[in-house]
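Next up: the structures, one after another.
Presented sequentially are two complexes of chain A, the first with chain B as partner and the second with chain C.
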Partner chain A sequence: MNILTRSWDKINPLDIGSYIRQRGYEALQKAIREMVPADVIKEIKISGLRGRGGAGFSTGEKWEMAAGQNSRSDLERARGATSNGKYFICNLDESEPGTYKDRTIAEKNPHQIIEGLLIGAYAIGAKKAYIYINGNYKKQAEILRIAVGQAREKEFLGRGILGSAIDIEVEIFEGAGAYICGEETALINSIEGKRGEPRLKPPFPPVSGLFGRPTIVNNAETLANIPYILRQGAKKYSQIGSSVSPGTKLFILSGAVKNKGAHEAPLGITPQELIFNSLYGGGLETGKEFWFAQIGGASGRLVPAGKLDQPLTYGNCEYPLGSGSVLVVDKNADLKDLLLSWAGFFHRESCGKCVPCREGTYRLWEIAKRLKNNDLPLTNCNNASERDININKNHKEGQLVRGEREKDRENIEDILWTLSRTTFCPLGKFASVAWNDAIKMFGKKIFDK
Partner chain B sequence: MQIKINNKPYSCEDGDTILAVCKRNGISIPTLCAHPDLLPGEGVCRMCLVETNQSKCLVSSCTQKACEGLEVLTETMGVNRARKINLELLWADHAGKCAGCKKNGRCELQNLAEAYSIDEFKFVPRRKELNSENELDMLKNNWSHTVVDEKNPCISRDSQYCIECRSCVRACKEIQTIEALGVNYRSSRTNVGTPYEIPLDCIFCGQCSAVCPTAAITEKDDTEKLEKALADPKKLVVVQIAPSVRFTFAEEFGIPAGTRLTGGQAFWEGKMVAALRKLGADKVFDTTLAADLTIVEEATELLRRIKSGKKGLASPKRSEGGPMFTSCCPSWVLFVEKYYPEYIPDLSSCKSPQQMLGALTKTYWAEKEKINPKDIVSVAIMPCTSKKYEAERPEMKTGEQQDVDIVLTVRELARLLRRKKINPSYLEDKKFDPALGSATGAGMLFAQSGGVTEAVLRTAVEKLTGEELGKLEFEVVRGEAEYKCAEIEINNTKLRVAIVHEIRNARKLLGEIKAGRAEYDFVEVMACPNGCIGGGGQPQPANQSVRKARIQAVLDCDKSMPVRKSHENPAVKKIYKEFLGAPGGEKAEELLHTKFENKSKS
Partner chain C sequence: MSIQKILLKFEPKPENLLGVLKEIQKENGYIGKKECEGAAGYFSLPLARVYSTASFFDQMKTKKESKKIIKICSGGPCLGEKSMEVARQIEMLLKIELENDARAKYKLELMSCAGLCDRGPIVMIDNQIFEKVKPETVDDILANYL
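Let's look at the complex of A and B:
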């Protein structure tokens, strides 16, 4: 079943004509000419589409929240709304390690995202839409820019879309390349020219977002599903994949798997099938033995061999799907490398707003480096040094000093505990997920060597 | 609405945060970023965490609003563990040089570290000067970006002590609308500082230092300068004490704000004089006397303006002059010079009391006592960080001499006394040196917002009508409102006055005047909350209730004074007779008035 990748190889991303020949912008025309915004939202709700960014919130319900906001209410004025109208934002900040689904869509079929974006903006009554793209994706930004230009020429966006009275402006906004700006309120701050830091919620963006106005932020992949839903009908879409979260999903396979890259598969598929079915991963590279898989990027959980049969859906499941990337780790991998890479990523990407995340991710990274180098903790540099340095020497010569390593273990437990429970936004929690699993599953291996 | 906290029901309003409900009911919750003077924050310190029945995670009580059916637990194992871990993490990112720290014993982080027994370093401290090569090796990846800024006379910043609570950022933005401070970098390099890390260039009101829980932003320390002057046998150290200081100084020594002493001179005046004498000051004068002078001069200036018709003209006719603005608050003056230079001609040309007394000490008093003014070190004890800057202004000179040489804030003086093991509580009250004379209740009113106006009115109305005032209190200009205006009828003309404190309100007022929506004859502006008693150099912690107690003390003091009108002060009359001539006269103009300069960057 192909929805997202259907016409990838039949389309020239730099030519809108080739997209139109694949029934492109049909859905937009249908929406504008035959449907009122409420119908569009109803259709999306029926389809059961859920956000593909990771949280899996119902797209239709989100749109409904923003559509229901009256313009310029007293409440908004009190919140300091500085403009009129509403905003629709496509989130293309994609920065999860091992994930490159959104930017692949943008590269292969940019109009699919733009069409979805326009339909969404129409549905909630937004006159201005943004594509917020990670500043590192220069090529994709350029492709999108060309696509927006061509769509404007064809009157799919801009003033008086398709001869109607509807105006929707689309702006490509390049961020500075921060992971946290994928969080919707941080993204909004970034567009406003403020520090990319998450805001206090509530109010949620559909109520008060960009410049204090109702704002929808949708993941690029979510939007790429919209044209199909309107063209083929919500009913048909809702029958694809799993009942709790219909549709297909782009999975990115990486690591020790044979067929690396983007694979489209219906939701509800099991990791087992994704990794070993020849349609997708095709098993492990020759000579490698499966150890565990990580689902959903650096913030994802670790799945051992015995648990590969859990279906991947948005909804209550043991192993959240997240961004949909699957990292396959084989038995030759160095766990300490992985730990360091996870900790390093979250340390680098913490926005620095709240204490447990700012300091906790830093300390985790510090300890990960020590584990990697087999160094021992230096707890207090005031009385450092000679004693600790000697211990280190002895240790390196093969003498194990258990007590010192035990300290690291306690500190890790404390940090993970506070990261998973007390941070301002979910980034802190994400930073603890893989580490928690690794320690539960392989604690002995990490600390006893 | 009712919520349950620790299994007990408490009633609360819609929109109350858990922290607010707890505070109201005496349930203690630690916090490092929820300063009561600031708008509800975003919960960055993660200290005020509590457990609720509505979330699996711990929630920050400063952001979580009360709602129907909410049950809160404030002291569970989990809550305490979270607080302790977060505190440990924060502590390792803090310089931790407590013994030599300006805020030792007054640091909120230190207090929490004590309360939660943070007694060992679990992590390698990363804000530390490096002493040996081994340490350098260990710390090379622990790099922490440290910014030290001492490039202004008023405020020193040292990010070694900073815990990124952002209270200063919020104070600067919310109270003063200056936005001189912000947040730089991200992740563990996150640092509170100025844009592009340029040296601090603001109005130096010091509110950032007043809300800082640690020693990251403090008043610039001039205690050593004073010690040096005191130790120099050739120098005569003359100290003046600002009106507001005597009402707050006791707080530095553990006495609650507004506490009255039984009998004797008002408040801690006598103790302060005694402590300064003990410290070695040769003379201790009362700035309040100069406040009386300021009022006489300012009232004269106002009357002159009214008589010449230059009054109350709204913005469209700016060339004809607007209201007269007070100029005794140096931060406000600096604000006008930097951001609204078109209003410079409307600032009263009077020097502030500090500068007037400094000038008189080195001229009138020095002549009288036959002392070479070069041998005088003029010291001022002030509630204010900005006064340090004012004293250094090139305009503030008489001859070659700077009017005031050293300015110490209340906090600095208290620190110096503690260092010298002088506790004023145990000293016998002493009186000010009589050489310059005593002060009036009108001068005392300078300590709080609205006071200058009331004092000026007492003098101006009598001079205009030629009759004695029946009732001295002008209640219309009193109160804690942030924007007060009133009309006072004198001889069938109306004197329109406005009083604001905090620069955000001053900005609002200037906007109103500029737009022609408001017309005034006299406008009093104080940069700090409630005026000098909420000054940037006053004891911490300050909040609305503390300031309220301080204001009451000021008003009571005014009431108890034998003379309550500045122009009736015999000492003031004597100084005019012996030295200055008439108010607004040539000599007064030379010594007691100053000029301002356009400092805007555009």
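Let's look at the complex of A and C:
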């Protein structure tokens, strides 16, 4: 069942004509000529579409919240709202390690995202839309810029869309390298020219977002589903995939799996099928043996062989599917490299706004480096005593000093507890997920050298 | 291009600040005090506001960088393609240590996933990206781009 990747092989991303020949922009025309915004929102609600950015919130319900907001409130004035407009933002910041699904859509069929964005903007009554793209995706930003230009020539965007009285401007906004800017309120801050730190919620963006105005932020893949839903009908869409979260999903397979890359599959599929079915991953590379999989990038959980049969949905799952990337790790992998990779990532990407995450990710990274180098913790951080140095020396010479490693082990537990419960935004919690699983599953291997 | 010329290409609206700073970074190599002051004046913002933005993002620097920075991707998929072996090779060739500042000329750092995992391992030198780098090919890249 292909929705997202349908007709990609027939489309030239630099030619809007090739998209139109595949029934492109039909859904936009239908929305503007035959439907009022409330109809569009109703249709999206019926489809059951849930956000593909990670949290899986109902797209239709989110749009409804923004559509219901009208005049400027006191709160907005206090926050400096200067206009009466609303905003629609496509989130293409994509920087979860191992995830490049949105990049792939932008490369293969940019108009699919733009059409979804325009329909969304129409539905909530936004006159201005942004595509916020990862600063590393320079080539893709150019493709999108060309696509926006061509859509403007065809009167799909700009002033008086398709001869109607509707105006929607679309602007490509390039990020500057910060994972946290994928979080919607941090993203909004960075468009406003501020540090990309998350804001306190509530108020949520559909109530008060960009420049204090109602704003919808949707993931690029979420938007790429919209044209299909309007064209084929919400009923049909809602029957694809799993009943709690209908539709298909672009999964990215990487690591020790045979067929790496983007694979579209219905939601509700199991990791087992994704990794081993010849339609998708096709099993492990020759000579490699499955150890565990990580679902959802560096913030994702580790799934052991015995648990691969849990369906991946946006409902309540033991293993949330997040961005939908699947890293397959084989038995020869170095777990300490992975621990350092996760800790280093969150240490670099922590925005520094709150103490538990700023300090927690830093200390975890220090410990990860020690584990990797087989160093022992110093008893006094500021002033390494002779004893500490001797301990490290003895240890390096092969004499394992019992008990010393325990200190790091206890600290890890404290840090993970704090990260998972006390941070300002979900990034701190993300930083604890894979470590938590690794300690539970492989603690012995990690600490007993 | 002078800072003034860059500024005049943009309307002084807050949503243009990041774009302006990125362009200054590209032209000037870093965004120092003088550049921040110029932008603050043009956008009618406090200097501290401009500096706080300029100092936040990976792709911008507020100090002049005298070292050549080589970055290697440490994301899971690149690790799977043996990016750490490439790092070892770079350490050997340049006689430097990963994430260690001691050498005057070069610095080898880990970087976060660039979203190019299907083309890994990824190495970046001064914002230029190299794909599918192997321990055997990395000396060529270093010879040509350092």
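Quick note on the criterion: the second predicted complex is superposed on the first by the 438 of 449 C-alpha atoms of A that agree within 3 Å, B and C clash if a C-alpha of one lies under 4 Å from a C-alpha of the other, contacts with A are read in each partner's own complex, and residues count from 1 in each chain.
One rule holds for everything that comes next: a contact is a pair of C-beta atoms (placed from the backbone, for glycine too) under 8 Å apart; a residue touches a chain by one contact, two chains touch by 3 or more.
For clarity, every value in this text was computed on a predicted model and none was experimentally measured.
Of the two partner chains, chain B is the only one touched by A:Pro356; chain C is not. By the document's definition of touching, neither partner reaches A:Gly68: not chain B, not chain C. Contacts of A:Asp337 after superposition on the shared chain: chain C is touched, whereas chain B is not. When the two structures are aligned on the shared chain, A:Arg195 is found in touch with chain B and with chain C.
Of the two partner chains placed by superposition, chain B and chain C are both touched by A:Ala178.
In the superposed model, A:Thr418 lies in contact with chain B only, and not with chain C. Contacts of A:Arg348 after superposition: both chain B and chain C are touched.
Of the two partner chains, chain B is the only one that A:Glu366 touches; chain C does not reach it.
In the superposition on the C-alpha atoms of chain A, the part of chain A touched by chain B in one complex and by chain C in the other spans residues 178, 195-196, 348-349, 351.
The touching residues of chain A, when paired with chain C in their complex, are 94-100, 103, 134-137, 173-179, 190-197, 252, 254-256, 260-261, 294, 297-298, 327, 329, 333-334, 337-338, 340-341, 344-345, 348-349, 351. Against chain A, the residues of chain B that register as touching in their complex are 42-47, 49, 57-58, 60, 63, 78, 81-82, 85-86, 88-90, 92-93, 120-125, 128, 132, 134-135, 138-139, 141-142, 163-164, 182-183, 185-190. The residues of chain A lying in touch with chain B in their complex are 178, 195-196, 199-200, 347-356, 358-363, 366, 369, 378-382, 384-386, 389, 407, 411, 414-415, 417-418, 421-424, 429. Looking at the complex, you find that chain C touches chain A at residues 14-19, 21-22, 43, 45, 49, 52-53, 56-60, 74-77, 79-80, 84, 110-118, 129.
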